[in-house]
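Per-chain residue numbering starts at 1, and chain names A, B, C and D are given in the order in which the chains are listed.
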Amino acid sequence: MDAILLQILNGLDKGGAYALIALGLTLVFGTLGVVNFAHGALFMLGAFCAVTVNQVIGLEQVTLDPNNLTPWGTPVEIREPYIVSWLGDTGHLILDYSVPVSILAAIPIMIVIGFIMERGLIQFFYKRPHAEQILVTFGLAIVLQEIIKTWFGANPLPQSPPTALRSAADIGVLVGFNPGEIVYPYWRLVYFVFSALVIGGVFAFLQLTTFGMVVRAGMADRETVGLLGIDIEKRFTLVFGLAAVVAGLAGVMYTPILPPDYHMGMDFLVLSFVVVVVGGMGSLPGAVAAGFLLGILQSFASMTEVKSILPGIDQIIIYLVAVVILLVRPRGLLGRKGVMEG
Amino acid sequence: MGILQVQNVNKSFGGLKALNNVNLDITEGTVHAVIGPNGAGKSTLLNVCVGRLVPDTGAVLFNGRPLTGRSPHEINQMGVARVFQTPEIFADLSLLENVVIPTLAVRDGSFTVNAWGRVDNQAEIRDRAEAILESVGLAEKRHHHSGNLSRGDKRRLELAMCLVQEPKLVLLDEPTAGMSRADTNATIDLLARMQEEHGVTKIIIEHDMHVVFSLADRVTVMAQGTPIVEGTPNEIKGDPRVQEAYLGGAHL
Amino acid sequence: MTTPLATARSDLILFGAFTLAVLTMPIWLVPLGAGYPDLMQKFAIYGLFAIGFNILFGLTGYLSFGHAAFLGVGSYTAVWSFKLLGMNPVPALLLAILLSGLFAWVIGFVSLRRTGIYFSILTLAFAQMCYNLAYSVLTPITNGETGLRVLNSDPRALDHLTGQGVVDGPLVSNIFGLEMNGLPGFYFCAVWLLIGMYVSIRIFRSPFGLMLRAIKTNQTRLNYTGISTRPYALTAFVISGMYAGLAGALLCVTDPLAGAERMQWTASGEVVLMTILGGAGTLLGPVIGAGLIKYSENIFSAFHEQTLHDIFGFLPDGVEGVVVSVAGLFVGEGWHLTLGLLFMVIVIFLPGGLTSGVRQLVQMARRSSGGSGRSGGDAGTAPQAAE
Amino acid sequence: MVDFLNPSRRGVLKGGAAIGAGLAAPTIFSSQAWAAEYLNKPTGDTVTFGFNVPQTGAYADEGADELRAYQLAVKHLNGEGDGGMLNTMKPLTLQGNGVLGKKVAFTTGDTQTKSDAARASAKRMIEKDGALMITGGSSSGVAIAVQSLCQEAGVIFMAGLTHSNDTTGKDKRRNGFRHFFNAYMSGAALAPVLKEAYGSDRKAYHLTADYTWGWTQEESIKNATEALGWETVEAVRTPLGAGDFSQYITPVLNSGADVLILNHYGKDMVNSLTQAVQFGLRDKQVNGKQFEIVVPLYSRLMAQGAGENVKGIFGSTNWHWSLQDEGSKAFVKSFGAEYGFPPSQAAHTCYVQTLLYADACERAGTFMPCGVVEALEGHEFDGMGNGPTLYRADDHQCFKKVLVVKGNENPTSQFDLLEVVQEVPAEAVTYDASIFGGELGDCNNGV
């Protein structure tokens, strides 16, 4: 029982991440009709926003200690973050909360990145075949990750959650389990709540604002909305910016769970496409539902009990689900009939 | 008994009744027009005939054999060709290739792997294809990219692609929709000439009365999913029910 | 607009020129630094892979993202054939073609029920399943991470029958004692490349090929023309799967080791990139794309600071330092960056791939030199997507 | 049979320099092989080594560090710089003027941590650049693949970082040599330390990367810990590159185990350790004991990736820059002076391998692979870190001290992440060469 509950928690948490990444992808596909292979790179860039913010606020003052030499004969460096020498304990606190603080920086940065990407490249590919969109965005993804690699190196760069959230919460006790049976890391709980909030925010935005209405109408029937004389171009740019922000935030908050490296975008790329397709191309609720579904299925497939019956099932479960869904229900879980139905 | 019989066909989309107990009998060798206001169910009827839609109840018989439940390529192989509202051609291929493909489909059936011989060595196929291009007046453009043709020429090409198969029945879905007056007239001329030369049974779905009265032998008027009147063009012209259907359509 | 016509004669000239270029690779590649057997073998093998992929993607427009699976199946089959039957490459190739064709039939049968991006995702999913399983639970068959190799203790039944069972050197695939590494290995692959190219030309010009191109342009029309499209697409899928299997087997003929990474989605992506880079739907494009990518993978990655200093040594010191550090971003560790930029540039400026770029250049040159493009032209079918 | 593998105009063709050099005659046809006793016999005044390291992919930083070490080794061999370990290596035949009077040149390549790419790159070095020796790599799959290639081609392979038992076990080759330690030695070195620290009554839970290296390590550690009296509760295989390991970690919580052993390397290890710590495993009390995590194979780069999560966690490593023997000090000094930070264990092993190869050539008086093999087999040396070392003739495995390390609780710098707990002597980790099977076969000169 406790094992199953824990796997459901795992699934929800994983699903939150999958849903966040897939959300922007399906948004861009649904409104802009663009298959964006650089979406994973946006996730990765978001994560590196957190790294950059951490490095900037953790900028260290280096003093050399001439009395103390390293084994290779240079003076030992004594490093102290400027922020600590200026602000004392407050500085420590800000450093400690650098990941959540990064969100503030990541939003404008990701908007700008999204705008530049859309205006500089994507807009020229709206009418081009999917294959060319895939190729050019794939090329872009490689370029972006190589730039990150040149700057930050290939090794993962660990980011810590705030000290207060570093350990695990004994949530089982709250619902009557023995202490220690159902524990779950605080940060993962935070991530889950965060992803729920962002997803809710995006939905509210699309549901309640005029802009959102136009976007939703555009997802339903792009040509008509264009005919209504609405400047769809400008809104496309905004949609792309929104998708970039969602992916970026997903990346920022994921850094304490997965120390970011330059390749993490590619690692999530295939997965996010599977989530989008399972949910239904261009369907936002579908992406969310598929994210959670795949997260939970993946968690259960990894259980030893399951693996002993079906060896290797945890290696392929995601793909297996995609195949089954596509064959049985080609428009995906919540895709509208007739949209991209093949 | 006619070449095509539509028997008690019903088709609904959700709550909307698109075809309501439709019966139709098309006589071989005639040009039969189906007209009616928007939403009268003309296109649905046509799609049921070519196998794109499956009717909820009822049957479509072609020469006494049922068409319902068959896929489009099977129906074509039985001798039913279709012309679309917007010309559906192979836009990336040359005009000649566009007509070679239907010619091959007649000779080789719906699936044959002939991966070794060169297309340009198949003399009899080529001759037929070039002859049909000649007859629609596109011969000199045969090596052009068909995607670059004018709308009228695309329509000619599409007709050529149908006719080269020597079908027994051609279904035309608003063949002059969106065309200029000149292109429309050229298309009417072409269809008329073809009727003289080939004499194939045709069903034409049309809005444009000019087209209907120039070409059709018989006319069926549909409204709200049901045929309401059938007769020669002259009979139809004066019928008050037709006027009402169109005016009523305007109300809707 | 009319394009130059492809006649039987022009195809023959094309094939002749291609044959000449392939067979003289050991000469003209030397000044490019690529004239060594292994890279030339890779050119031929990946060229073959891309030619096959192009028969599916270039002609029908179905974008498979899982072709590496067939490459892997071909490789494993070949090595198993070496292990069980013997080091002769012929049975290995035949079995590989057969088995990868069978695999392609199964995967294609399922995947072709969908089109567009759904088809791509289905093929991707199948290939990833193959890869993940080959790396882990299928290790008894694939030898997992280490890769499947031929061992002296393997049965190699035919070898023992013909008295070649006991080898004291390394086990290398051979035909009657001629070992399939080095230049003989290259020529062996080159012959297969030429056969593959010839078959591809025949398919391109055949009624079958015309149907495949029609699938790409307008499936609806094709259906209403009395053609059942799915069996055509499936046949194309199987043929291209067999090419991939053959390429995979050749990889093992020249180097008897089959690794699971060959099936990874990035490997599938690579052949897509090769084909589009060179020009999808053209005859030569995929081979050129394959060559270009393998060249940059092997040559750009081998540059290091010292070689850069050698190259730019003629510059004044200060300038040299700057040039070397800038150039260093794009070679060695940074060769992926070069590759990514290359894709972007090609797709943005030459959507038809390199071959179409060359064609445009030729046309521009013709136009400017006053030789106004002939219209009409001689007999033959027309705008062939080829050169 | 005529040899077609002979290099084409090495020196002129180095890198792309030849692109502008015009049409060079295809020497590939005018083979001079019949004159040579071995493949790629150097005819000019240089000898070429091939440094085959991961430049892209997850181990790119490790590869970059290996390359730094190689370049330093070449400098030292050619008599430039401060000489590094050439000053401490015993016995030493090298003169500091290159090898056998020839200057050392090198060519580099990218393994991409894929067997195919690694072999293609090694082949280029052999066929085009005329490399006599290939070295490098950051994973066992690649090492084994390249080792067997070198055996077939007839050059020497000096393995870089490879920890699987198979490299010098069932996949050993006469032309291949490994200085790095292996999974068995990790187990043998770790077990007594673990016993001392955590007692002999422990229940272990393994998470193992689902591929060959993971399996050999799991087996070795299992055997070693079970011999102590530990019980193995469960050994679960995880997909390579799983990213999020939470679904594998939660079952540990209530499994009754009180030690988690992570048979992961690289990114997998960074992720699984980070996440295991977040799940509060290290704060847990199970069976009345403190829950512990063990990472049998450590590297500094991985420790950097996992950050503060490594604090207090035991593992083993081949070498660490804080060692105080003369050899290590000399190496750290020249590496640090050159690059500004201390070398990693991968850098150390690569540097040492290069020197050992060069010295063996010098001692053998030839670059001929069989001569070099003979000179290296059973060679005993000292002054290269890790104390007196034997290159065992039976399996070409080095036997030397293995370091048991622990994540540093109070690091003084970003490099000071691991603290050496114990230097386990070579005798304690030596095993019978036959236990892992495999055949060395004959040496191959490539002609």
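Heads up, the rule we're going with is that a residue touches a chain if its C-beta (ideal position, glycine included) is under 8 Å from a C-beta of that chain, and two chains touch if they have at least 3 such contacts.
Computed from a predicted structure; not experimentally measured.
*Asks:* Identify the chain pair with more contacting C-beta pairs: C-D or B-C.
*Replies:* By number of C-beta pairs in contact, C-D is the larger.
*Asks:* Taking each chain's centre as the average of its Cα atoms, which chain lies closest to the overall Cα centroid?
*Replies:* Smallest centre-to-centre distance to the global C-alpha mean: chain C.
*Asks:* With chain centres defined as mean CA positions, report which chain is farthest from chain C.
*Replies:* Result for the farthest chain: B.
*Asks:* Could you put a whole-Å number on the gap between the CA centroids of chain C and chain D?
*Replies:* Going by mean C-alpha positions, chain C sits 34 Å from chain D.
*Asks:* Centroid of chain B to centroid of chain C, CA atoms only: how many Å?
*Replies:* Whole-Å distance between the two chain centres: 44.
*Asks:* In whole angstrom, what separates the CA-based centres of chain A and chain C?
*Replies:* Chain A and chain C have C-alpha centres separated by 34 Å.
*Asks:* Which parts of chain A, given as residue numbers and ranges, touch two or more other chains?
*Replies:* 149, 315
*Asks:* In chain D, which residues are in touch with two or more of the other chains?
*Replies:* Within chain D, residues 60, 64, 210, 237, 239 contact more than one other chain.
*Asks:* So which bits of chain C are touching at least two other chains?
*Replies:* 132, 135-137, 333, 336
*Asks:* Output every touching chain pair, sorted by label.
*Replies:* Final set of chain pairs in contact is A-C, A-D, B-C, C-D.
*Asks:* Where on chain C does chain D make contact in their complex?
*Replies:* 26-27, 30-33, 35-39, 42, 132, 135-137, 139, 143-147, 149, 152, 168-170, 172, 177-179, 181-184, 251, 255, 257, 259, 261-262, 297-299, 301-304, 306-308, 310-311, 332-333, 335-336
*Asks:* Name, in rising order, each residue of chain B that touches chain C in their complex.
*Replies:* Touching chain C from chain B are residues 50, 71-73, 76-77, 81-82, 88-97, 100-102, 104-106, 108-122, 140, 142-145, 148, 161, 165.
*Asks:* Help me check something: in the complex, which residues belonging to chain A touch chain D?
*Replies:* Chain A residues touching chain D: 2-3, 6-7, 9-11, 13-14, 17, 70-74, 76-77, 149, 153-161, 166-168, 180-181, 183-185, 187-188, 256-259, 261, 263-264, 267-268, 298-299, 302-304, 307, 314-315.
*Asks:* Within the complex, which stretch of chain D touches chain A?
*Replies:* 57-61, 64, 210, 234, 236-239, 241, 243-244, 246-248, 250-251, 253-254, 267, 270-271, 274-275, 278-280, 283-284, 301, 304-309, 321-322, 329, 332-337, 340, 342, 412-413
*Asks:* Touching residues of chain D toward chain C in the complex: what are they?
*Replies:* So the residues of chain D touching chain C come out as 1, 3-5, 7-9, 13-19, 21-26, 28-29, 55-56, 60, 64, 67, 106-110, 114-117, 119-121, 123-124, 127-129, 139-141, 144-145, 148-149, 151-152, 166, 171, 210-213, 237, 239-240, 439, 442, 444.
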